[in-house]
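Below are two complexes that have chain A in common, paired first with chain B and then with chain C.
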Partner chain A sequence: MTSTAWKTRVAVPARRPGPGRGAIVVGLLAALGLVALWALELSPAGLVPLAGGRAIAADFFSAAWQPATEYEGTAGIDGSFLLEILSALYRTVIFAAAAMSLALVAGTVLGFLASSTWWAGDPALLGSPLRRFFQSWLGPLVQGATRILIVGQRSVHELLWALLFLAAFGLNTASAVVAIAIPFTGMLAKVFSELLDETDPESAHSLRAVGASPIKAFLFGTLPRALPDMSAYAFYRLECAVRSSAILGFFGYPTIGYSIRLSFENLHYREVWSYLWALIILVLCFEAWSAALRRRFVA
Partner chain B sequence: MEVLRNLTLRIEPGENIAIIGPSGAGKTTFLRLLNGTVLPTSGRVLSDSVDSAELGPTHLRRLRSRVGFVHQEHALVPNVRVVQNVVAGKLGQRSMWGAVRSMLSPTRADLDLAHELLVRVGIGDKLFQRTDHLSGGERQRVALARALFQEPDALLADEPVASVDPARARDLIGLLCEVARERGLTLVCSLHDLLLAQEFFGRSIGLREGRVQFDGATNEIPAEAFDDLYRLEDAGSRAR
Partner chain C sequence: MNASSTIAQLHRERPKSQLLRGSALVLALFALWALVSGEIAWLDLFCADRLENLKRFIATDAYPHALKEDGLSLGGLLGWAGAIFEERGASAALRTLWISIAAIVIAGGVAAVLAPLGARTIMNCDPFVIDSATDRRRCFLPWTQLSSCVRIGFILLRAIPEYIWAFLLLAMLGPSAWPAILALAIHNTGILCRLGADTIENLDKRALLALRMLGSRRLPLLFGGVLPMVLSRFLLYFFYRWETCVREATVLGMLGVVSLGYWIQDARVRQHYDEMLLFVGMGAALVLLGDMLSLGMRAWIRRAR
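Let's look at the complex of A and B:
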């Protein structure tokens, strides 16, 4: 018994596969990282402030543990500082929410149009020439155009869009909202279309078998399966929108970034830290909310 | 690629047929030809003397809506409630607006019918559960309830017991046949298990590499015919 087992054992093939292309790519990327560090002459010494700056740095970071609860310079300012923090937060969220609501609608529509499952027709239903034209020409054309549009939206950062709109339309609310909404639309559309295409098509196929049209099969078979991941990503983007909205304040829009800039320019570091902590708490709240939603979706 | 060849057969209303054959024999394609989700590249499929290849999209979808297709359980939408998966059986018979309404908030009549069918397949208490909280066998029953919700003229089942244990498989096939009989539905079911075919199906069709190997009353088919059907090509890899 043992001797036959020995005889039938199969030898390891003589030629083993060497390091694949994957290993080479990883190696090249690591080398690129090292070259970048070397080219920038990056060293920890850069983070050690000069003699004059040391006092400022100490001031700034020690302020982190004693954030202001009222205005530091009281000259000419009425009203409560805490109220001002809340209203700055409110304006930040409002800008983000307005941008996200535009991006969510546009991103969903473009995400559908960019996905292959949306255009996957029913091969057995291609009777008429009109349908065949739709399936083999119009579909791929619209899908391709949508994908190019999405890449265009994503490749320009929201801060650059904001700069462009600021130059073109001046400082108004709509230009800030649209500046955030454009790249966010592109990112939502790209990720939505990928999530839809990765969804198991079996559910949609089974609905076609009950006589549902391809669109119904998509809406009731594919979409519900992708929805938990899509909403988790949308939540993450909302969090990003809050951060972007805060940053737009540095350009003069009335979000929390504007308040931070003013306090910073007046060297009121404790005020700066109050705003920063408020922002951190806000983002943590969003995180807790989206985690709770994720648990509900998965359970 | 030709999946099925030289296939000529006739299925009478109310018949109870098992399609048997190894993986890749063309069983699924055969079933999909019957409900018009696949059209033949040559030859014809007539249902009630209507050629499915000559039907326009609307009529073809109507044909599909009259044939219940019991898919394997993973074809259900996992993250919605059982009731939604069952009510989806009528998606082909409803307008877009009606479909949206029935999926978001089903009418009393839909709920009653869905519940009645779930009770019939033995899981009446699962109506509002999330589908992915059910066991594999229970999900297979949901798939059957969906097919029945179509109020079909015929039932097709594509290896409905591929992923359940033998005892549950026997239960499920028994249920499938019972339900088909009490409603007077034609039943065509693909299977791997010869014993199940012998126990439950009056007629068996053996498929191998796209050809019909045998077709007739199950109890008249000799045992060798079954053996031949599953014989492996490569003698070296034979198990026995």
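Let's look at the complex of A and C:
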């Protein structure tokens, strides 16, 4: 006992003078960034807009401080511009919410199936051969298949799913929602399963010890402890879904990206900024909301 | 008092939050509304035209054109895919990778400078407060308000999606890889700054307080104490964001930068859906490669910590 105490007291990490490992890693990464610029044949000169671009840039950024409150192009448009902003925002949020509600259900199920705690049980406690079959064959098989499915869902970007569906179905709002929902399902499932596996298994073990079935131990022991982190992540994903659904507008879906693209191509920069500020304010609101929720969870 | 009443009592007195319950209710109702409001045409997805489209897409459009005559064989499929990969895919994939690296290095560098400005423990009249009474001491600079402004700046940076940034920048800078790199860098700077500032605020204050008590001022405290302590955590975030940069760099090509997305868009416009699927598959493989690299690096950093 005394000898270990003595050891821990003396075990001061020996450090050689000179750059540490951290400094070396940072230096290497910076060098890699320079190599990337070199490989892409880029020079800082490319950052200065060309003559035409400079005019656009000046117009565009000066419009930031005076967003439009009514349509800039007056020809043949009736209806209020502010109402149009609101309804574009509304559709953006509707798409995001629909996608998230699908992704949350599917992601939770897949997340459970991909986690090790869901399949964990004490083999010594398993009596029947059926149980043993579940434990040692079906479990690993389903878990592995689920993990592969999750990786497949995640590795294709939501915009690419949308393009694939666009090619397969034509323009249809439901396919856009599903396009967002697929990769989001994968991401939610991955993070949920990791959070569940990182949860301290003690409460589940004690529930098992007093006779709860593995499922009950999971639902009432493990899950409640992981729930705050899972909800926080799901909320963050909702924010991401709003951004993704905004972008889908660039491909013709009726979200705010569609309006941004249209106004930009008509050179109505003040309209563009109205939409952008509206999107920013929306994200700020979500941010404040999720911060308030997180504070409540931690307390 | 018997056992059941105790449980009932515990149940009554459990911590409850109106905010949580209200939020859950609002979110659930809104999700339901989103699904049934009619804004999203679910039934349209299953109408005859759509299914006909889908059938045609799978049977003819997605079928590799080059193999129409010889029939489908693994060798032919690999030969066709290999030829396209060698011709365009490999260089586009490499460019995608370089774009993501350049973007994340720029974002990481800028975030390393800006993140401390958003940390309320440093941006404080009395950094890593020794005595809460001094907190009310008058300072020359309104530190807290400054850091709040910086925090709002972080949110502004990340509120606008990369794709929109790239779309806008492309019109100004003309076609090069810069718009894609800048768009990714701007968005990720916002995210890395926020994560970095949170990490600094959550640091164990004891070592920093010790430095302070030895007379260290703000900047030495930052460079000698804070940055070395947050470096490994910061690198974890760096690689985590790099993963998403690879995903996004693929997609940003659709705007005209020659990454994988460029060829996806190109094949889509020419209605060569077989090629489009192939490039989407290459993108997925690249993302997987990035995920694995990032996972390896993060595991290495965790071990080295």
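As a working rule, the second predicted complex is superposed on the first by the 262 of 299 C-alpha atoms of A that agree within 3 Å, B and C clash if a C-alpha of one lies under 4 Å from a C-alpha of the other, contacts with A are read in each partner's own complex, and residues count from 1 in each chain.
As a convention for this text, a residue touches a chain if its C-beta (ideal position, glycine included) is under 8 Å from a C-beta of that chain, and two chains touch if they have at least 3 such contacts.
Source: prediction; values computed, not measured.
S.K.: Should the pairing of chain B and chain C on chain A count as a clash or a fit in the superposition?
M.R.: Because the two structures are overlaid on the shared chain, the partners are seen to clash.
S.K.: Taking the superposition on A as described, I'd like to know which of chain B and chain C A:Gly257 touches: first, second, both or neither.
M.R.: second
S.K.: Which holds for A:Ser155: it touches chain B only (first), chain C only (second), both, or neither?
M.R.: second
S.K.: Based on the superposed arrangement, let me know which partner A:Ile94 touches: chain B (first), chain C (second), both, or neither?
M.R.: second
S.K.: Of the partners chain B and chain C, which touch A:Leu40 in the superposed model: first, second, both, neither?
M.R.: second
S.K.: Spot which of chain B and chain C makes contact with more residues of chain A, would you?
M.R.: Here the partner covering more residues of chain A is C.
S.K.: On the A-aligned overlay, A:His205 touches which partner chain: chain B = first, chain C = second, or both, or neither?
M.R.: The answer is first: A:His205 touches chain B but not chain C.
S.K.: Residues of chain A that sit at the chain B interface in one complex and at the chain C interface in the other, please.
M.R.: 297
S.K.: Name, in rising order, each residue of chain C that touches chain A in their complex.
M.R.: Going by the criterion above, the answer is residues 17, 19-20, 23, 27, 30-35, 37, 39-42, 44-45, 49-50, 53-54, 57-58, 61, 94-95, 98-99, 101-102, 104-106, 108-109, 152, 155-156, 158-161, 163-164, 167-168, 171-174, 176-178, 181-182, 228, 231-232, 235, 238, 247-248, 250-251, 254, 264, 268, 273, 276-277, 280, 283-285, 287-288, 291, 304.
S.K.: Please name which positions on chain A make contact with chain B in the complex.
M.R.: Touching chain B from chain A are residues 122, 124-125, 127-128, 131, 200, 202-203, 205-213, 215-217, 219-221, 224-225, 227-228, 297.
S.K.: Write out the stretch or stretches of chain A touching chain C in their complex.
M.R.: These residues of chain A touch chain C: 21-22, 25-26, 29-30, 32-33, 36-37, 39-40, 42, 46-47, 49-50, 53-54, 56-57, 60, 91, 93-95, 97-98, 100-101, 151-152, 154-157, 159-160, 163-164, 167-170, 172-175, 177, 238, 243-244, 246-247, 250, 257, 260-261, 264, 272, 276, 279-280, 283-284, 287, 289, 292-293, 296-297.
S.K.: Within their complex, state which residues of chain B touch chain A.
M.R.: Going by the criterion above, the answer is residues 32, 35-39, 55-57, 60-69, 71-72, 74-80, 88-93, 96, 99-100, 103, 146, 150.
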